[in-house]
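All remarks here apply to the structure that follows.
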Amino acid sequence: MLRCDFRLTRGSFALSFNTELTPGITALWGDSGAGKTSVLRALAGLDSVAGVIPRSAVGYAPQGARLFPHLTVLENLRFGLRRVAVQDRWCAEAEVIEQLGLAAWLPRKPHELSGGQQQRVALGRALLNQAPLLLLDEPFSALDGATRERLGHWLRDVVQQHRLTCLLVSHDRDEVLQLADRLIWLQQGRVTQQGEALTLAADWAGPFADQQACSVLPARLQPERAEHGLVPAQCAGGTLWLAQPSVAISEARLLIHARDVALSLEPLPSASIQNTLPVQVESWRELNASSVLVRLRCGDYALWSQITRRALNQLNLQPGQHVHALIKAVAMVRHG
Amino acid sequence: ETPLRVAVAANFLPTAEVLRAEFGAERMTLHPGATGQLYAQISQGAPFDVFLSADQTTAQRLYDEGKALTAPQTYAIGRLALWTPGQPAPEFSQLAGFARLVMADPKLAPYGAAALSCVQRLVPTWQGQWLKGTSVAQAHQMLISGAAPAGFVAWSQVLTAPEAEVRLLPETCHAPLIQQAVLLKRPAPHPAAQAFWDFLFSPTARQQIAAGGYAAP
Amino acid sequence: MLHPDDWQALALTLQLAALSTVLLLLLGTPLAWWLAQGQGRGRALIQTLVALPLVLPPTVLGFYLLLLMAPSGPLVALGLPMLAFSFSGLVLASVLYSLPFVVQPLTAAFRALDRDWLELAYTLRANRWQCWREIILPLTRPAFITAAVLAFAHTLGEFGVVLMIGGSIPGETEVLSVALFRHVESLDYARAHQLAAVLLGMSLIALFIAYRGDRRVAL
Amino acid sequence: MLRCDFRLTRGSFALSFNTELTPGITALWGDSGAGKTSVLRALAGLDSVAGVIPRSAVGYAPQGARLFPHLTVLENLRFGLRRVAVQDRWCAEAEVIEQLGLAAWLPRKPHELSGGQQQRVALGRALLNQAPLLLLDEPFSALDGATRERLGHWLRDVVQQHRLTCLLVSHDRDEVLQLADRLIWLQQGRVTQQGEALTLAADWAGPFADQQACSVLPARLQPERAEHGLVPAQCAGGTLWLAQPSVAISEARLLIHARDVALSLEPLPSASIQNTLPVQVESWRELNASSVLVRLRCGDYALWSQITRRALNQLNLQPGQHVHALIKAVAMVRHG
Amino acid sequence: MLHPDDWQALALTLQLAALSTVLLLLLGTPLAWWLAQGQGRGRALIQTLVALPLVLPPTVLGFYLLLLMAPSGPLVALGLPMLAFSFSGLVLASVLYSLPFVVQPLTAAFRALDRDWLELAYTLRANRWQCWREIILPLTRPAFITAAVLAFAHTLGEFGVVLMIGGSIPGETEVLSVALFRHVESLDYARAHQLAAVLLGMSLIALFIAYRGDRRVAL
């Protein structure tokens, strides 16, 4: 656990950052100019600041790659690596090169690479520095979706496997939801919210509230009853069918986007929507001209549903009314 | 053992080389320079044993300042020559037609002062420009390059030039170009110093000096 | 405070140094630009030739330049006027001798200049001249200051070449360095000290101003 | 209409680009290293190439901002602008500064800005060059979602209003779907597909097929029957209710993501899902362990539905079977 | 081909130039680094002082250096050995005189160097020395080549200072430029031309090699 508590000013911009970084991926979220890069630079020791900063070796992938222009890709990758004793290395060069798909460019100079290729080299260089603290500043921003997703999952595996602490700056909500354990929300240089990523994601006043609401429900999986690649999960008094995770787990937390939740007055036996939960309408608020966000009670938890105002009217929903929430089975699953 | 170090005014260098060969090339080294430069060096502790100045005043000054062992002695009297490389030397009266004449800087070298005085006496009407070298050697170079047509140099410098190109100036139209030498004070006098001093004023040396284009005293 | 002759030499020197520096920059900039374009053997050779005069003792260089400028020399054969012993000759010699001080730092700076800035400026409608004024010059300003300072200072102090080429004609080719040399050589140390002090003082102020103005180009 | 037909090689990479650029936004899509930046640089005249290139002034926003480091933000913005005669200017400096939120930073040097702020200045500089051809290389990659969306819409308006031709590189599928009129798919230096953006998006073999399938259906809107902010649209033999567009239009094309389409054997009167279409099952293919993609016939059009394999089994779907497609009303609408 | 004396002078010259260049780089690099750190008045003054010797004619500078190093001068008073008329004195003088050629381009290059590269290298476990070797030196190599070439060439050709300080003692202070001067003064032009040719030829080769090796630092 790494304690951070520091302040810095740059012209009229003042940053104050106070948190404890725990192993796993912590997403640093915030608008452009909120101070994310400043936080990472401070943690990397690049700018001197007042306060407490973890004294740990870091693997820093700066915004915009910043590869050493006079070194080849391989030399860039090995820049930190070379200085780490062999027995202290936990991140294998071969694996990084393969995963990041760098094999073909090793002898090239950075200016002979595309933007996304450079970004991958920067990520590799940071990882190969064999440091327990990873500071990644929008490491996937120049990558195509497929590469982005694959590398994200690999990063998550690496971080978990080696119990690294990773601070990840990202502007991509799905990326954060897929990768982050914790979330720090930075607004105008101050930490306004921080906590468990999925909890914050589901927070009415959290960073994602004004984009698309989502709910997080704990569930108990029953892998032994899996069928057709789906596994049943007991969740808030109902059964949901989820895509079977690659590792056998029994506890999970489900992230359910409000727009993936429809409401029905009756259960639907003959539709492809597999997952229904009995819920009770609590309240709603308007989202825009045509849609409303309905807050549902679902056992001890809150579940959000985004429906049209027309539907709200036609179903004639009332607070306290018992209805069925229809949840598309493709919702996200995350380990306990 | 370190050889005897003889600081020599640049105009005397060719002749000094001959003397050195005669005296024993391994026993001494020559350190050429402009007289003023050598003075500055000697007065700041340059490790020279003998100084062959191009004039009288500098040697005397060193002596007066207590830097010399002996009173200055004349070792050579220079002769000034007019040289027009590649052409027959003109009559002095014809010099008035030259827009530019080369000489050593009169402020720096006695040969320059001599040239100035000769022109003033022989062609008082001359209105041209003086091109000044820091030394007679530089004056010689300016002429050699062909960039300047005529100028005054030491006779010693043009001994090998075609006779027709050279006109010796009468000794009467300038102050005598008396070059004096001093034995310099050193923490420990060089064993060969006195020997060279004696050699410098020996008949053999006088003969060489005369052959070098100087009037031996 | 200074002798009138020295004042004249001072004025001439400033003229020579200023003119040479301007010419050096005008000449050195395109040459350095061309040298920075590539790495060929030809370019290395030119760069070598530019630096070569530096290795000769100034008076020797001056001697060879005199040979070059003599009435029977190649420059006159090429139709140039006879430049020896004239102010123009001094300028030519100074330019030649100080050329590496300009070409060398500028070439290095131009080489380090990212070509993308220029191309970007072209897409933003800048013509060649605007590219130079608005992009290249500001981004390579430290090198231009280096070049100008070295060229100017070296021309002030340069002496051997100037003496040989110029023949120290008062008001035409007798520059300050020659005057100073004469004072020292003729053991007129008081006047030498005085002149040196003026020269150093002036240069101190000029260089100080140049360096104070050399603000860091923020990158 | 701008004809492009050129080739270039850089080491082992060969690019050949042949298309006609029409007014509106053309998205340039492709994996990292596919050659997108190379195409833009060539069109901007930065690299010399063999072939035909439009001889038009361009507004080029390079990947990674590349602001002139010695100029202030304002000087950067005005770099091109200054050289355009006042009567030829169509893009107002004040509007750009306001929309991009640059007002506070005008006197700053680029290194005093955050990554996303720099990117916005680069976009502004490109726009203010008053050129008919905009070349934008991932102009929003460093921005937060909200800013990204707002600027995207503004860009679309500007392009439409001034009939500009804009080539937009993006790795973000939603961005492309929201902004692009046409789409060019670049793979390893060659154009493998190009065409109308929504058509390509719905293409089984199009660039988005391996991410998430979607369908495009033409619809006739009936604004006069709007209620609760929704407007009914006649589409493929049924009625769909859509969020009312800000301008009154009667023709639209609807983009419907496969994952937003559920299937039911009977119509659902009592659910919040407003839009149902009668469809006929054609065929299906497996997407992954738990889900399948079902191709439905819907009038003259194809509609994709992504459902779980378990649902496929439980509903016992057969080719040729008539079922009801349930479409969440929040699907995308785009003008005809 | 060359006279043995000339060979000796040549050897001495190479020794002097090489040693001076090395010392200049060793001395000039930290100085330039410090100068590049900021913009204060103090730094501008130091930079000015470094360039100042350049404005004095070499013999005059040599004269003042001689006064400084003389037995009665301040350096000896400070307890240093008497450096005038020794090889060490020559080295000191050459270093002082060529210092601006090293400090000036290096300061410009260090100023242009983006500090982020260093900081990034530190996060990648490079220590100070590794930062220098692996980041700063490669990225500022063109400036080092500029500095080395100018310093080396200038030391080769420099003559006035060396003659004044050194007194042309064979094997100790008679360098090539002085030997060349001696040949010219003794009207031995043939030997002078020969020596100049050797000097030029050698320098041509050395500089050419330096420039050929000066590969563009790709940015």
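We just call them A, B, C, D and E in the order they show up, numbering each chain from 1.
The working rule: contacts are C-beta pairs under 8 Å (C-beta built on N, C-alpha and C of every residue); 3 or more make two chains touch, one makes a residue touch a chain.
The model shown is predicted, which means the values in this text are computed figures rather than measured ones.
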Subject >> Target chain E, source chain D, minimum contact steps >> reply: 2
Subject >> Intersection of the contact lists for chain C and chain D >> reply: none
Original post:
What is the shortest path, in steps, from chain A to chain B when you may only step between chains that touch?
Top reply: 2
Original post:
Is the number of contacting C-beta pairs greater for B-C or for A-E?
Top reply: B-C
Original post:
Most remote chain relative to chain A, going by C-alpha centroids?
Top reply: B
Original post:
Whole-Å distance, chain B centre to chain E centre, using C-alpha means?
Top reply: 34
Subject >> chain C and chain E, separation of their C-alpha mean positions in angstrom >> reply: 19
Original post:
Cα centroid separation between chain A and chain D, in whole Å?
Top reply: 24
Original post:
What is the distance, in whole Å, between the centres of chain A and chain C, each centre taken as the mean of its C-alpha atoms?
Top reply: 62
Original post:
Can you list the chain E residues in contact with two or more other chains?
Top reply: 59, 63, 181, 184, 217, 219
Original post:
Can you list the chain B residues in contact with two or more other chains?
Top reply: 37, 40, 141
Original post:
Quick one: which chain pairs are touching?
Top reply: A-D, A-E, B-C, B-E, C-D, C-E
Original post:
Quick one: in the complex, what on chain C touches chain E?
Top reply: 39, 41, 43-45, 47-48, 51-61, 63-64, 100-101, 104-105, 107-109, 111-112, 114, 142-143, 145-146, 149-150, 153-154, 156-160, 177-178, 180-181, 184-185, 192, 196, 199-200, 203-204, 207-208, 211-212, 214-217, 219
Subject >> Interfacial residue positions of chain B with respect to chain E in the complex >> reply: 5, 7, 10, 13-14, 17, 29, 31-33, 37, 40-41, 44-48, 135, 137, 140-141, 144, 157
Subject >> chain E residues touching chain A - in the complex, by the definition given at the top >> reply: 116-117, 119-126, 130, 134-135, 138-139, 217-219
Subject >> Touching residues (chain side chain E, partner chain B) in the complex >> reply: 59, 63, 66-67, 69-73, 82, 84-85, 163-164, 167-170, 181-182, 184-189
Subject >> Interface residues, chain D side, partner chain A - complex >> reply: 10-11, 30-33, 35-37, 63-64, 108, 112-117, 119-120, 137-138, 141-148, 171-173, 210-211, 227-230, 241, 243-244, 259, 262-266, 268, 270-274, 288-291, 305-315, 326, 328-330
